[in-house]
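Letters are used for the chains, namely A, B, C and D, taken in the order the chains are written, and counting of residues starts over at 1 for each.
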Amino acid sequence: MSSSTARETPPMRFLSDNAASVHPALWDAMRAADGGDAPYDGDRLSHRLDEVFGQVFGQDVAVLWVATGTAANCLALSAMVPPHGAAVCHREAHIEMDEGGAPGFYLHGAKLLLAEGEGAKITPESVRAVIDPIRDDVHQVQPHAVSITQASEYGRCYLPAELEALGALAKERGLGFHVDGARFANAVAHLRCSPAEAVGPAQALSFGCVKNGGMNAEAIVFFDAELADVVRYRRKRSGHLQSKGRYLAAQLLAMVEGDVWLDNARAANAAAQAIAVEASERLMHPVEANEVFMRLEPAERETLRAQGFEFYDWGADAARFVASWDSDHGAAQTLGRAIAAL
Amino acid sequence: MSSSTARETPPMRFLSDNAASVHPALWDAMRAADGGDAPYDGDRLSHRLDEVFGQVFGQDVAVLWVATGTAANCLALSAMVPPHGAAVCHREAHIEMDEGGAPGFYLHGAKLLLAEGEGAKITPESVRAVIDPIRDDVHQVQPHAVSITQASEYGRCYLPAELEALGALAKERGLGFHVDGARFANAVAHLRCSPAEAVGPAQALSFGCVKNGGMNAEAIVFFDAELADVVRYRRKRSGHLQSKGRYLAAQLLAMVEGDVWLDNARAANAAAQAIAVEASERLMHPVEANEVFMRLEPAERETLRAQGFEFYDWGADAARFVASWDSDHGAAQTLGRAIAAL
Amino acid sequence: MSSSTARETPPMRFLSDNAASVHPALWDAMRAADGGDAPYDGDRLSHRLDEVFGQVFGQDVAVLWVATGTAANCLALSAMVPPHGAAVCHREAHIEMDEGGAPGFYLHGAKLLLAEGEGAKITPESVRAVIDPIRDDVHQVQPHAVSITQASEYGRCYLPAELEALGALAKERGLGFHVDGARFANAVAHLRCSPAEAVGPAQALSFGCVKNGGMNAEAIVFFDAELADVVRYRRKRSGHLQSKGRYLAAQLLAMVEGDVWLDNARAANAAAQAIAVEASERLMHPVEANEVFMRLEPAERETLRAQGFEFYDWGADAARFVASWDSDHGAAQTLGRAIAAL
Amino acid sequence: MSSSTARETPPMRFLSDNAASVHPALWDAMRAADGGDAPYDGDRLSHRLDEVFGQVFGQDVAVLWVATGTAANCLALSAMVPPHGAAVCHREAHIEMDEGGAPGFYLHGAKLLLAEGEGAKITPESVRAVIDPIRDDVHQVQPHAVSITQASEYGRCYLPAELEALGALAKERGLGFHVDGARFANAVAHLRCSPAEAVGPAQALSFGCVKNGGMNAEAIVFFDAELADVVRYRRKRSGHLQSKGRYLAAQLLAMVEGDVWLDNARAANAAAQAIAVEASERLMHPVEANEVFMRLEPAERETLRAQGFEFYDWGADAARFVASWDSDHGAAQTLGRAIAAL
């Protein structure tokens, strides 16, 4: 299959890891899940998620599958933030910028309080700058959670010490701590630390699978079982309790029972490096995960597109290139050289 | 694959069509959708849905995929019913009984007004009995839509004339008209009419695929394009815009481009008849689709379960048997005879 | 003023206590609150509410004013019931029947689970009949609170022992316990018990003032201070934090610092008895508070209206008469005799 | 009464017009409304609102009373903006900054898109800068309304031509147009134009009364009757349909049937000018309505407070002074001179 996929995937496509093909191991796992089993999440595969992810993180976890990262993020936050509250996130966080108002829907009008920070990473200081001035002011919605993205929207990774510091602030202020890990595998692969260290003292992690070779399964990993008990009801209520959940559980298990998730992430990260290394003077952000942001004039972008490369503009004078698990490494190198040659 | 599926599916399982396996044609279509394409619903398969379903219904339609029937129902209704309004449905409608409060979530607290009717089918009279007494009363939420289930929660089918009558009332009162078609294929197969006749003058149909051999794709078929334009945003906002939508579109196209959807429904309906025919004096409702409700004492149910049959209790003195596309016809006959022999 | 009011109020009006005039003591208190003070609830009168109501109930309370009973009920419940949950109430409770969908709005789509009970009073048994069958079923919204009305929608009063029994069930199941006391004063006046006994082990009471001679102030009395801390934010968020709250606090203090609230309630209850006593064989419910429900044929109602009496129909064959603090006792007697003479 | 009020109101209080006393004409009107009438908004005073405000604006209007400006703003917007949409307003608009998340509640999670502009006034250009880049992007909530504040949060007034330009943009893009007129009277008094010119082509105006001498009544003036029909239900649903609405209608009628509303606004504006004229070099914004923003170091503010003046800090290096209808003109002059003397 992967060879036929290679034929079908334009090798010069760096638009988004969102559109990559499904990894063969996941196809196999889904097919093996066919046949009868209990509906919803009563099947044997869904039942194994807690144990298998518990081994990944070295602690007790409760795991719920959902179809999308937006659902994962918003359901996790909905168990932390009441409708009259707020979550603090970076000004350019995915939940603020790209989820079509889903946080407003899932949190019933709770607000996102926007903090600053380099590389789309917030800090204890930038969070305090947002929440201290409104503390206990009844005319202002109060924070109930902090949400960060690991790796961040600019492909930057929070170091374990940075996570500990944010977690300490969250604990001090009684805030929940959520990690959007749409590209968590890429962060772990970059940080070369344990998954537990890469998520820090979070209560919930949106564990990405779709961008990393999945079809339509993401895991919400709860490090606080009470939150999972709430989200179980909210998942049903939002129409995300699929009746044949075994096909989602199968994808997740195939990802993390072997090393597929980290192998895929390493491949994507390496392809991103291959792009970046040739034209590093154009980088807007250090490349740590699988995204590359480069300053490129409109005419330069046109030149690249004329050569067959696909990517998104990033504002007026820049471009974003995203490598996937199935990106062609040679094509990535070619792209890097083409940029260097501009 | 179907043979291995047959081995894995307990042939005596009549719990729910929700847990049936995925039809081989859909597996093939999903695999063929692998490889690169545009993310979300920008792919070539999603683009073909309007045309293909337009042929099924003989009119212009706008089609959006989602993962579950609950999402399909609630998204469709959310485009018809404002938060301060209400939808009228049967007292035992799925949206009232089994969706974990999803209508409250998607309709932002709008109310369901519950109408009566035999076989879980409402009538113009039963709808009027609910909405006339509160008309224009500012202390009462006002109806903005009618929602019916085709086939109904008791496996009964609305005749085309009944749909016309309900549609006429809806039009007269300025109400939207939604059809929950989780088992729409079973209704069409029973009614032996055209799909257009089986949906009547509805503005939106939740077209079921999962219960009929799909994995995790349902179609919302809009006969009013403006509603689809609203739901496009609401689908994203509810986390149901999957990034690899081509795998959902593939399932839906494989269902309706051939006769898979009707073949599967006919097989399920036939298996239900096979159960019913042997013990018809126990039937609580005429069997029209793929569900069989029978009066069975606790001891009788115990006897059947001891013989290996699986099914749900239906209150204290009855049981529900549901046949699927992949039900074993012989097992259905055996079940019918076992009931007759009680 | 009261004499001029008497002239203006049609003495034969028994439509609703909702439309009665404002008691002179409250006018005086509002006028005395004029002049400068801190905005919102920072004024000296609002600050005194906790203490004064604490004396009424003989325990620590936190009190928030709002303008309407609907806001009081729904805000109180919103601190007990998450959006994915439900509150249990009587099938004919005001929150279900007459608040225009406000619970759906304030509870963000949470559901009302409807229990049975004579005289619009629920019982531990009728509550269990609703909540036991759905316990821990993820497809069903779960109860998080019980809400009762004291006096009930049919003018019936919960006895202290009945409140204790409901409170015990609520505690056992981890449910909040809310009392809609739009006519709480009438209940206390009837029961001749202490206010604390009349509210039982509730966490929150909507303490009615408007129906009892107020202009536009109701008190939410919290027996659990944490709920008040939540509602403080939700009151602002719902536009119910008035900027000149001292005029609401003034009304509430004038009610309960003297015996105005109980004097008014006794007067209204006595007028209701005056209606009832003459024609007791027509009563649909024992008259305990200030409402009288009587079986009256359409022609009989027409006769009464021709004599100048104003009241609401109650279905096809009955009528509701409501007495107010300022009802004319003689007119009430005349009405009772007129009914007896039919 | 006004003399006693003068005694009670600290003459050197410039904290907020929110805390001013109630104008005598409104007290008289409320007392005259006592006695019996129909409940809710069925009374004779509420019925006169449309006609009386219609005369003020020289066109057909539908008017609904509510208790607070937050409710007025959010209810009006809720009829224009669906839950999946957005309203555009200034980054420092009251609805964004000071309403405790009420727009999120009333608009069911719809978003506020924040536009720039000097003096808290937005322009067609600043609105376009926000809405053009996201046009028809399903990942972004789409605008459905524009909301401005007249006079603005910095006491600036939109000129009729500016309103026309914004209205034209709104019309072109199919957006509703709402005016938050918490200090609309102050704007009309400053602009010396007709009320109709001061509101421009808006569909709805939150007409402020509380800050201008009212107790607890604001009017939502609808220039589009269909919006009023929606808000009638939403007002009930939000607990803002008071049962004795005649006391709110009385306040509004007393305001606008005579010249009370403009007289009060002129007095407040004049007091603000009296502050500003003496120390104009410190002004952060031209003074057009009744608010004065001045650059004042912490030590300077301390000096003023030591002299008995009350006001709010405005960030680290400035202060806000607000004059009311009942501000003491001499005290305002004294304040201005005290600032000049710093």
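Side notes on the structure shown:
Criterion: a contact is a pair of C-beta atoms (placed from the backbone, for glycine too) under 8 Å apart; a residue touches a chain by one contact, two chains touch by 3 or more.
Since the structure is predicted, the reported quantities are computational estimates derived from the model, not experimental observations.
The most distant chain from subunit A is C, comparing centres defined as mean Cα coordinates. If you compare B-D with B-C, the chain pair joined by more contacting C-beta pairs is B-C. Inter-chain centre distance (subunit C to subunit D, centres taken as mean C-alpha positions): 33 Å. Chain centres here are Cα means. That of subunit A falls 50 Å from that of subunit C.
Centroid to centroid, with C-alpha atoms defining each point, subunit B and subunit D lie 50 Å apart. Distance from the subunit B centre to the subunit C centre is 43 Å, each centre being the mean of its Cα atoms. For subunit A, residues touching at least two other chains, in rising order: 40, 83-84, 99-101, 104-105, 108, 138-139, 141, 233, 236-237, 241. Of all residues in subunit A, only 40, 82-85, 108, 138-139, 141-142, 230, 232-234, 236-237, 241 touch subunit C in the complex they form. Taken in their complex, subunit C has these residues touching subunit D: 1, 4-5, 7-10, 13, 15-16, 18-22, 27, 30-31, 34-40, 66-72, 74-75, 99-102, 104-106, 210-211, 215-216, 233, 236-244, 247-248. Listing the residues of subunit C that touch subunit B in their complex gives 83-84, 86, 98-101, 103-105, 107-111, 138-141.
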